[in-house]
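Below: the structure, in structure tokens.
Read from first to last, the chains carry the letters A, B, C and D; within each, the first residue is number 1.
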Amino acid sequence: MDIGGKMQLIAGRIFGAVFLLISFLIIYIYMTKAVKGSVPKIRKMAGLEAIPESIGRAAETGRPVHYTPGTAGFSGATAGFAAQTFAGLSVLTYVSRLTAKYKVPLYVTLAYGEHIPLVESILRESYTFEGRPEAVATETKVLYFPIATSNAPYASGVLGLFERVKPASNIMIGPFYFEALAIAEQGFIEGAMQIAGTAMTYQIPFFVVACDYTLIGEEIFAAGAVVSQDKPLLGSIAGQDIIKIITILMLLGGFILQNLGIDFLSILKF
Amino acid sequence: MAISTDPSVWVAALLTIMAYTIIYKDNPLYKLAEHILVGLSAGYLFIQTWKMIYNSSLLPLFNGSGLLFGGITLVLGVLLFTKFSKKYFWLSNISIAVLVGTATGLTVRGYLFAQLIEQVKASIKVVTALQPLDIFNSVLSLIMVVCTLAYFLFTFEQKGALGWIAKFGRYTMMAAFGAAYGGTVMTRLTIFIQRMQYLLFTWLGLA
Amino acid sequence: MSTLEKVEKIDRRIVYLVLIIVVAAVLLRPIGLPIPISSSTKKYYDAINSLPPGSVVALGVDFDAGALPELGPMLEATLKQLFASDKKFVIFSLWGGGPAVSTIYLNKLKGLIESSGKKYGEDYVLLPYIAGGETAAAALAKDFKNTVKNDYYGTPVDQIPLLKNLNTAKDFALLITITAGTPGVEEYLRQWVSPFGIKFIVGALGVSAPNYMPYYTSGQIYGMIQGLRGAAEYELLVGSPSIAVSSMDALSAGHIVTIVFILLGNAVFLLRKYSRKEVKS
Amino acid sequence: MSSTFLNKELPIILIFVTGVIMIVSYFVSAPEIYLDPLAGNLSQAASLIAAYATILGIVTLAIIHVNHIIKRTKGQWYYSIIVLALALLMIVVGFIGELGTHPYFIWLYQYPLIALDTTIYSLLAFYIVSAAFRAFKVRSVEALILVVSGIFVMLMNAPVGAAIWSGFPVIGNWVMTVPNTSGFRGFIIGAAIGAIAIGLRVLLGKEKGVLGRS
């Protein structure tokens, strides 16, 4: 399709271009609306609702909470998973405020050195927010089990910690590899209340069976956005909902039209 | 078949046993095995990556076949190393920006077609001429895809009709994650079986 | 602690021991169970055979040492099928380990290559690793010879006969990737299959196969080898049963052990739940 | 130019410009302004920057281990010597003749590296089997569906399944092609819409953590 001069729209990709432009527009509108004040309300997520309950249990039993924001670094091979790590760090802010309030010991285990400064600043902010900055030194502990190439050292480090401190609550939100299975299993054996969430599809099955609550895939981004009240992110989530509804209508409408003899598919291939 | 006399096989077998000591508990032998792997992997990757940089960026610059391209990529590459300086670390963001911008553009346009439009097209089938079982499977698949997608709606409470739709979507995903679990068992067992074959047959020659 | 609780909290090392003993026993005393061939493996095999003579195949060796046990047999059988056929092929890699793995298998098949009369540079070429994942896949698809300036042995691309008229993904008749994850199937779908419509077949880990089924049923992936089981089927199709076929009985034994442990674990769990309920009521 | 421009705005402008070029060049063919070759060069340049970033990663790893040696970190410094020594050995052998083709270079990969990498990965088999017994409890309808579909797929993958009952592979195949395909298809479409959303936030400079310390 000619659009002036030698410039042409490439055939077969025009529907895609229109769909992409509409999607960008919708997301942009909802992001700006959210920043201007009309912040969308995110639905209840069982995993997120259960966090206060699990920290309450830790307070009752006097046993600590264990938290990990996942095992992916910001650079190198695992660079593509930064968004999941940030969701995990946002939920850590929420969790550390609760442990500060209820005076529950909190262990945070990390696999990448670059996460340490971020986590330490989150803990300082949370405990200061709850008016107990001095408690960071006594009630929280950041443990670093560096990943060499395989995640086995991190897994065995966390397993050793579980056997020593017997956590009452184990919360794992972020990107994970095979060590997720070993930690979730040990947490289950120790009788901890476990809440996990990741977008790494290979690890979700293990979380679902071994944990009490599991946030699946994009739910961890929604959870991170809710606890951090990150306005552009909340707006973008609302915008994505609209696109998902459009896609659902395309699926259902397309199926019906195609079977009524109207060639809906040719529109998609346009 | 007798025990292997090939020194290479002995090196591999002994390193295998060293690494397996972690089954009992974490210990210095395992740590040694792990760090040998780190060293070899880092050195190996350095060579393969340097080979690409030398062939595609430096050589064209030196032999003049790609002055502009070689020059620009060399500058952008070297800028990354400013990360170590307190004053000029922000210069590295210029190179990262080019990498992130290009990768983001490629990913967005790619996801749009390969992961969105193609998948929507795959769910839209003409079922009128199919066998009854195929009609059932096609309609059921469409419903499952729609329910799974509906589960990921975040600005609508999962109550009433949407509650049921989302629950059915989550159950569909459970079947999918079950299949993924089944696949994981095969892959993990395979790696272990291959190590056993190496020790029993290649090293000890028992077969 | 009641016996049931003791069984449930059994030391994991005992579970490990059971697995080691069962797998070793079956390896030493194979049973020889039949291996039915699935349609996805057959379509992988047919995709190569059905190409017209002299067509050029792009073979992406996209895995490293850790995935060798499952993907090595697939690569070996694919090389055997390609060397026995009248097709030409270019090996490249989005993973650092690719060139070393390819070299190991090319060395292993040296005898077969000589007897097949295939010449390096005319019938097959080995190219170096290209970093970047998504950007590397896109760069190769769009402008092959400007992304890779030399072959793995240092010869400039314009001096290699096989590469003379290969410039973009369109010049290849088939794209194969044998991959352990990212970068792999999804990057090729986004940068080769959708833009250029090239026929695409995949050698996948067992753990990844379920994730790729949506692309197989949609036709984006034409044929797929699913894990070691698929590799064994493919070895039979290629007519050279070797390591994958010889591992099948041990794989069956390992699966049975896992299933028994799941059922046993749940039986103990349910028994304890009911015994605790009677105590309460 | 003010430092905030160079520090903050320039990278974001660069991300926006390169991103838009890659997207527009996919939909519009504009030979006059060499849009297509520009997109090709950008992909090649980005791949090379990724290669330099990998070298940077390896150099950073080396610096970490050198520090361990200098500071004699307890329980670590002697391991760091081994890491540096073997990395150096691999690099020196790799530089003999054409890069990465010397028989000793391939030997170091084929025997020690493969043995260690596969062995460490094979530990997963133990984790899976012990979790199967100790943690795979059917405590909800969801876990029941997961375990049942998992077992059917396992009995499809393992030849013994077909030997026990010819129905197992048929049911396993149905699980793979209907619920599994549909579940992951919905998941993939959701992820695609997510990728478009993240893509827009990155291009507008609203996605934190994309750039290094700024």
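Definition applied: contacts are C-beta pairs under 8 Å (C-beta built on N, C-alpha and C of every residue); 3 or more make two chains touch, one makes a residue touch a chain.
Small disclaimer: the values here were computed from a predicted structure and weren't measured.
Engineer: Quick one: which pair of chains has the most contacts?
Structural biologist: B-D
Engineer: Measuring centre to centre with CA averages, how many angstrom lie between subunit A and subunit B?
Structural biologist: Those two chain centres are 19 Å apart.
Engineer: Please compute the C-alpha centroid of subunit A, do the same for subunit C, then give the distance between them in whole Å.
Structural biologist: Computed value for the inter-centroid distance: 30 Å.
Engineer: Could you grab the centroid distance between subunit B and subunit C? Build each centroid from C-alpha atoms only and quote it in angstrom.
Structural biologist: For subunit B versus subunit C, the centre distance works out to 13 Å.
Engineer: Return the distance between the CA-based centres of subunit A and subunit D, expressed in whole Å.
Structural biologist: 18
Engineer: List, in ascending order, every residue of subunit A touching at least 2 other chains.
Structural biologist: As it turns out, subunit A has residues touching two or more other chains at 13, 16, 20, 149-150, 152, 189, 201-202, 205-206, 208, 217-218, 237, 240, 244, 247.
Engineer: Check each residue of subunit D and list the ones that touch at least two other chains.
Structural biologist: Residue numbers touching two or more other chains: 23, 26-27, 43-44, 46-51, 53-54, 56, 99-100, 109-110, 113-114, 117-118, 120-128, 130, 134-137, 142-143, 146-147, 150-151, 153-154, 157-158, 176-177, 180-181, 184-185, 187-191, 193, 196, 200, 210.
Engineer: Give the residues of subunit B touching no fewer than two other chains, as numbers and ranges.
Structural biologist: 22-23, 34-35, 37-38, 41, 44-45, 48-49, 51-52, 56, 99, 102-103, 106-109, 111-113, 115-116, 119-123, 142, 145-146, 149, 151-152, 170, 173-174, 176-186, 188-189, 191-192, 194-195
Engineer: Once you've mapped the touching chain pairs, tell me: line, ring, star, complete or other?
Structural biologist: complete
Engineer: Quick check: in the complex, which residue numbers of subunit A touch subunit B?
Structural biologist: Answer in residue numbers: 13, 15-16, 19-20, 40-44, 148-150, 152-153, 156, 160, 201-202, 204-206, 208, 216-219, 222, 237-238, 240-241, 244-245, 247-248, 250-252, 254-255, 258-259, 264-265, 268-269.
Engineer: Inside the complex, what are the residues of subunit B that reach subunit C?
Structural biologist: Residues 23-24, 44-45, 48-49, 51-52, 55-56, 59-60, 99, 102-103, 106-107, 109-111, 113-115, 118-119, 121-122, 176, 179-180, 182-197, 200-201, 206-207 of subunit B touch subunit C in their complex.
Engineer: Quick one: in the complex, what on subunit C touches subunit D?
Structural biologist: Residues of subunit C touching subunit D: 8-10, 12, 15-16, 18-19, 33-36, 38, 64-69, 97, 99-100, 103-104, 107, 128, 130-133, 135-136, 138-139, 142-143, 146-147, 152-154, 195, 206, 209-211, 213-214, 217, 226-227, 229, 232, 248-249, 251-259, 261-262, 264-266, 269.
Engineer: Taking the complex as given, what residues does subunit C use to touch subunit A?
Structural biologist: 9, 182, 207-208, 211
Engineer: Show me the residue ranges of subunit A that touch subunit C in the complex, using the header's touch definition.
Structural biologist: 80, 189, 201-202
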